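Two complexes follow with chain A in common, the first pairing it with chain B and the second with chain C.
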Partner chain A sequence: MGLRTGIRMGLIAAIVTIFLILIGVHMLMGRLLQSWFRVPAHWPGVWLMVVLLGMWAGSRAVGQMKARSWGNALLAGASAGIIQGALVGAALYLLASITQAGVDLRTWLNQMSKESIGALTLGFAPLPAAGFIGGVLLVSALAGAAWRERRLRVRAARLARGERMISLREHLLEIPAISQVSNNPLSRRVLIGVFMVLLLIAPFFLGQYWNYNLGTVGIYVILGLGLNIVVGMAGLLDLGYVAFFAVGAYTMALLTAPQPHHIQMSFWLALPIGIVLAAVAGILLGIPVLRMRGDYLAIVTLGFGEIIRILSKSDVLTGFTGGPRGVRNVGHPVLFGKDIGNEFYFFYFILIGVILAIIITRRLEHSRVGRAWRAMREDEKVSQAMGIYTLKYKLMAFAMGAALAGLSGAIFASRNSFTGPEDFVLLVSINVLALVIVGGMGSIPGVILGAFVLKGLPEMLRELEDYRVLVFGALLVVMMIVRPQGLWPASRVQLERPRPELAEEVEAPAELAEGEVGS
Partner chain B sequence: MSLGLLLRLGIGLLVLAFFAYRFYGVLVRGAYGAETWARLAISGLIIGSVYAVIALGYTLVYGILFMINFAHGEVMMIGAFAGYFVLEAFAASGFSARQPVLAIIITFLAGMTVSMLVGISLERIAYRPLRGAPRLVPLISAIGASIFLQNAAQLMFGSMRRTYSNPPALERNVGWVLEVAGKPVSITYTGVLTFAFSVVLMVGLYLLVQRTRLGRAMRAVAENKEAAALMGVDVDRVIANTFAISGVLAGAAGVMWGLHNGIIYHYVGFIPGLKAFTAAVLGGIGNIPGAMLGGIVLGIAESLTPAVLDMPFQLKDVLAFAVLVLVLIFRPTGILGEVLAEEKV
Partner chain C sequence: MALLEVHNIHTYYDHIHALKGISFELDRGEIVALIGANGAGKTTTLNTISGIRHPREGSIIFDGQPIHHLPAHEIVQLGIAQVPEGRKIFSRLTVMENLDMGAFTRRDRAAIQEDLERVFKLFPRLKERRNQLGGTLSGGEQQMLAIARALMARPRVLLLDEPSMGLAPILVESIFQTITEISQQGMTILLVEQNANMALSVAHRAYVLETGRIVLYGPAAEVRENPQVRAAYLGEA
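So, the complex of A and B:
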């Protein structure tokens, strides 16, 4: 029993370990520990990763066992450790002996430099090095197995005594002061107020770099709020959202830049034109495609996004859009005769845009239109039967979402003083969709949080460098498995799940309760 | 309704008129000789057969899980890399010069096996925990997996472009030469191999789905998961097998891509993946013959339309997507129609 789960887990853990070594995560861990905790060398991080992976194998093997006994647990841990250790050891032996023969592995495996392998062999010859890493993995697997077995036993004993597992949240709410503050409707406003004040004074203390990054987060918040209308509220999966962003950006660029059209309009005039044109593009695209069902809509919008990008890059439109080289010297906003085109002023400008977008989406959400969207999202046929002309509301959602994308695109182009086809790759659409979903579909605070997590956090984790996008991808998968409703789910989703603290109170009408929770 | 109908009619007439006008211009000018048309059609057919093989993987998974396996293109890319390393080793040891047939077979097997393993683990890690979740959830997970695989490949193999070292007997751009209108049109060996192997794979898949026990189970699960489970079909197992099959197809497509086009890198699966999904939708998603037809139609369309419309060839991706949009406007269920009814989704 323990043997089989152990062997299976050992195999999986070995593959994972070898994979992580091949993409160089051990060196990354070493560097991270060096820079975060001022560890003098990189080997502690490297070996921390090895030990953790061994412990993971042992503990997972024990966790998957059905029959619970110490003998079984040790058997599972030992078999997992031996398999993992043997396979990883063999791989290391192979890599180390090839490197020792003077072959540069980096021709084929980019991360397998001499230092990278040296961190694992610690300067030993290939064979003892393989034995050493195998031994370390075995010992850590045993330790992991013992730790997991003990924890499972403690938990089982606690359950047998009738103690209920309490979450941290419930623990905190038991403290009178905290529960009073959290129940008081004012506290929410105070919190938002403090946050606003912090945001207002932040640019004075942050440098250029962080003002710029905060501005980027803000642009993504606007984009996210727009896509939130389309995907979150109306339930239309749009994978080509970047197209409307591009329409806004190119409108701003072509109307205000000296090249290629020599129009050089004022920023303040070009901004509304960009928004309107993006909305019109949304309607024009929407009319033919919105009759399609979910997945077709996704792929057609995706195709449309690519079409816009390739067209803007192609020779056909070079005269009109500047081709692959893009448009330079995009106009800046000028206020009272002063150019306010630097990161500092743009931060406030974007903040105003964000606040406007929040107000608009909030008003829409709680209006007749918002209710129609939600009905359509839940069941299109039933909503049609209820007298909702779905095509009209779908078009409205598309136009609203596109208008917000146009706004952020116009700001984006002006702030960068440049726009070109490479600003509008598919990854932008995917990033925006990801932040909407990670934050919580249909939830406005969720979108803001999502933008901070997905666009802001990676900027803080500069040490991750090349691994940022990798982590981003893995995060999406993990997020969907662990918390598919998002970090800050929409209030409606919460209401549908009975919560113990709500059940005791008098049932409020759904619409009213939602208004309170969502504010 | 009437507004939509009028609009569709208008768009249709406009597109037709545009097509006719441009094509007429091309013909009158005699911009391309017969040999160019033949060359374009052949290359479209070859690339289309690769699309078809990838599209089959999309369609199989979609037919059963109703999800777009966004990471399918990356599975193909990894298969291409596996084949590359095997061929590289064979070339270095001189094996591929001595035993070209065996070398190619082993290369294909390696690519298919690795892709199959990736496909299975993908399902196990990223999709199986999400069974029964709302439809957007697995899609996002698939997008995440796609980003992850792409970047893992970039980290592992570096971002430089690598050239497949074909066996000397199967050099790229070498082949039989046909004479069309007095000018030579070459049919490359790699192209013939690609096309022939694609056809073999398609026929094999068709037989597998229609004639075997696993195929019957797959069709049953596609029809109705609960009922299939009640009839004793192990649904999880069938789904895992489906991913294995689609991985095998993707791996084969990856190696074909490498052998025929020569260059691979970490991003190589993305555009073919998109195109193949387009092809699957074009033929009617969930429909196996539809995916084959869609792939070949898309391949030929993207190869011929730039010439027909007298546009630069760098617009072929735009035209491919435009074809998709047009087909979906006029026939939203694809050329051959979906196999699934809307109610089941």
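So, the complex of A and C:
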């Protein structure tokens, strides 16, 4: 019944809300909004959090109800809102009264400053302030409940009609304007064109800091697209991907820097050499290790990644690699006699790299090679029986992925003017893998989104200082719960979700046979 | 000269001696049944022919050419297609994509299209379901898909590994009917089965395998009448 779930959810939401207020999260939200959208005060962020928590309570209460009716939904929303509102209001009344009496709560709760409570009372006396926050929570809970009920109804109607669950992308496509644009090749091109123009002029407005950060995101997009070929498309778990990034970076560094060698080659020449050497490294590593499967492959590649890093910092090789101190004064690209090695130009340069990587990936996806990868990822033995020379296609995946890593590594070294062993720790491989998974394996927009979330978001959260990692981690957890297939799953993955109309006619126990599959 | 000749092959899984000197042959257009209990080495025999495993001793001659040292993908190209045990279709590819993978080694688009039509005529159910994911097909449909996929390679020899496994009796019957049909179109078929009764009723000749050795062979009708076979594989005392 609506009342029961409403009361339960109201209690839970009240506890969560009070807890968040006590540790000062509402102030963090306020500061974040202030810095992201340049709002002049922190109250919009503070109250956005309050409203969202109210909506959450109402929506969850409706979601947990068994019997579906609008009456029930309103009852659930109202009871959740009243309970949450009353308890939070009471808590605020207490906090505000105590503060008003001149007691400094920070002695016990170090986030409970006067401003922190003031952001919630908005300068009113404790009683009306408590009433106000209670009212806001109630209204939000009702809104949340109504929204959830409508959504559940739409979804139930869909299932009844035999349609499958739909993804975020399909939701978007249901909006008439969007579906028109995406179905019409011309307007689609126009849209992409507008987007490109926006990207092209962005560096003029963003300033040094964001140009640099966006460039970093771009470097990770290239890395992500490369690893996506290996892991997402060919199904080979490579945990030492950073090694190829390192090969690209060190090639660029050693060939263009004045120390430790005096080659000082042009950036433009070193770039393709870095890409080719990385691809060669991919093949050389691939030949021995690609006969292994799954977890063995993961462990061996992980080891390889570490070996490259340890070699680059070893004393024996210091004369050749620059050792632990790395290589300084890595060459910059020079165009028409002008050094274009700053964030601004690199932004464009990386953009070209990203576009190139997207084109390569798309081409591969629909090619014969792409089909072979897909089949191998499904079942290697059967693929061989289909006449696929799996080792060859695995090597191709490794080489392509490594080449893209080499490209981004070379750009990375030149942009930083420096490269050293600590740029290539295991964490880089893990980050790239994480962004592929968070974004949606095998999906190009997914990888791009993933790079923004994993490399861009932490920068955006910088305001939060110590809380940054906490909030970032919490966001990742929430994301993986809400969208386990990734933020923007490949259309192939979406196809794989069960469709109710297919479940009907099963004439023989297919699962039974699957259990006894031989070699 | 036979189309496929297997001479005294020995295949090992590390130290396990799975095939202990097996010899047999397939003539053009024949259905040859290979029957035997669980673990007799039937699948191993097929995998050794198709190049997924390699014999330590012995030779396999296909159309006059030794193939026992060739990798699997080259053997497919020469014209030997295998329908793996347990209908291993690509469950997350659609029916069309599965069939497409069957024709992976071929480049003759027009002929592939022709074969697709032919396969759909053989299995109309697959045509209806061509955009469905393989894994969502019923057991019988999956077996059809596995056979259809192998046919897409336009093989000269078809290796069938237990096509009746896990299927209801009516379906078994219809699958075997299709096998006969394929054979009548001129295909040479090596049929591995535990359902000896069914296999012996469609095959021309048969070999009985027991723990890695061939213990009996002859025309299918004769093998069927053999008292030992009747006792061991046809469930008669």
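Methods note: the second predicted complex is superposed on the first by the 287 of 519 C-alpha atoms of A that agree within 3 Å, B and C clash if a C-alpha of one lies under 4 Å from a C-alpha of the other, contacts with A are read in each partner's own complex, and residues count from 1 in each chain.
The rule is simple: a contact is a pair of C-beta atoms (placed from the backbone, for glycine too) under 8 Å apart; a residue touches a chain by one contact, two chains touch by 3 or more.
Since this is a predicted model, take the numbers as computed values, not measurements.
Colleague: Name the contact category of A:Leu186: first (chain B only), second (chain C only), both, or neither.
Modeller: Neither partner.
Colleague: Taking the superposition as given, does A:Ala177 touch the first partner, chain B, the second, chain C, both, or neither?
Modeller: After superposing on A, A:Ala177 lies clear of both chain B and chain C.
Colleague: What is the contact status of A:Ala160 with respect to chain B (first) and chain C (second): first, second, both, or neither?
Modeller: In the superposed model, A:Ala160 contacts neither chain B nor chain C.
Colleague: Just to be sure I read the superposition right, which of the two partners does A:Ser314 touch: chain B = first, chain C = second, or both, or neither?
Modeller: first
Colleague: Per the contact definition in the header, classify A:Leu109: touching chain B only (first), chain C only (second), both, or neither.
Modeller: A:Leu109 contacts chain B only, not chain C.
Colleague: If you stack the two complexes on chain A, which partner ends up touching A:Ala298: first (chain B), second (chain C), both, or neither?
Modeller: first
Colleague: With the two structures laid over each other on chain A, which partner does A:Phe472 touch: chain B (first), chain C (second), both, or neither?
Modeller: So A:Phe472 only meets chain B here.
Colleague: Check the contacts made with chain A and report whether chain B or chain C touches more of its residues.
Modeller: With both complexes superposed on chain A, more residues of chain A are touched by B.
Colleague: Starting from the residues of chain A touching chain B, keep only those that also touch chain C in the other complex, and list them.
Modeller: none
Colleague: Please name which positions on chain A make contact with chain B in the complex.
Modeller: Residues 19, 22-24, 106, 108-111, 231, 237, 287-289, 291-296, 298-300, 302-304, 306-307, 310-311, 314-316, 391, 430, 433-434, 437, 441, 466-467, 469-470, 472-477, 479-481, 484 of chain A touch chain B in their complex.
Colleague: Report the residues of chain C in contact with chain A in the complex, numbered from low to high.
Modeller: Residues 43-44, 47, 50-52, 71-73, 76-77, 81-82, 84-94, 97, 100-102, 104-105, 132-133, 136-140, 142, 149, 153, 161, 165-168, 171.
Colleague: What does chain A use to touch chain C in their complex?
Modeller: 368, 371-372, 374-375, 378-379, 381-390, 492, 495-496, 498-499, 502-503, 505-510, 512-514, 516-519
Colleague: Chain A touches which residues of chain B in the complex?
Modeller: Listed in rising order, the residues of chain B that touch chain A are 4, 7-8, 11, 62, 66, 68, 85, 88, 125-126, 129-130, 133-141, 143-152, 154-158, 274, 277-278, 281, 285, 311-312, 314-315, 317-318, 321-322, 324-325, 328-329, 332, 342, 345.
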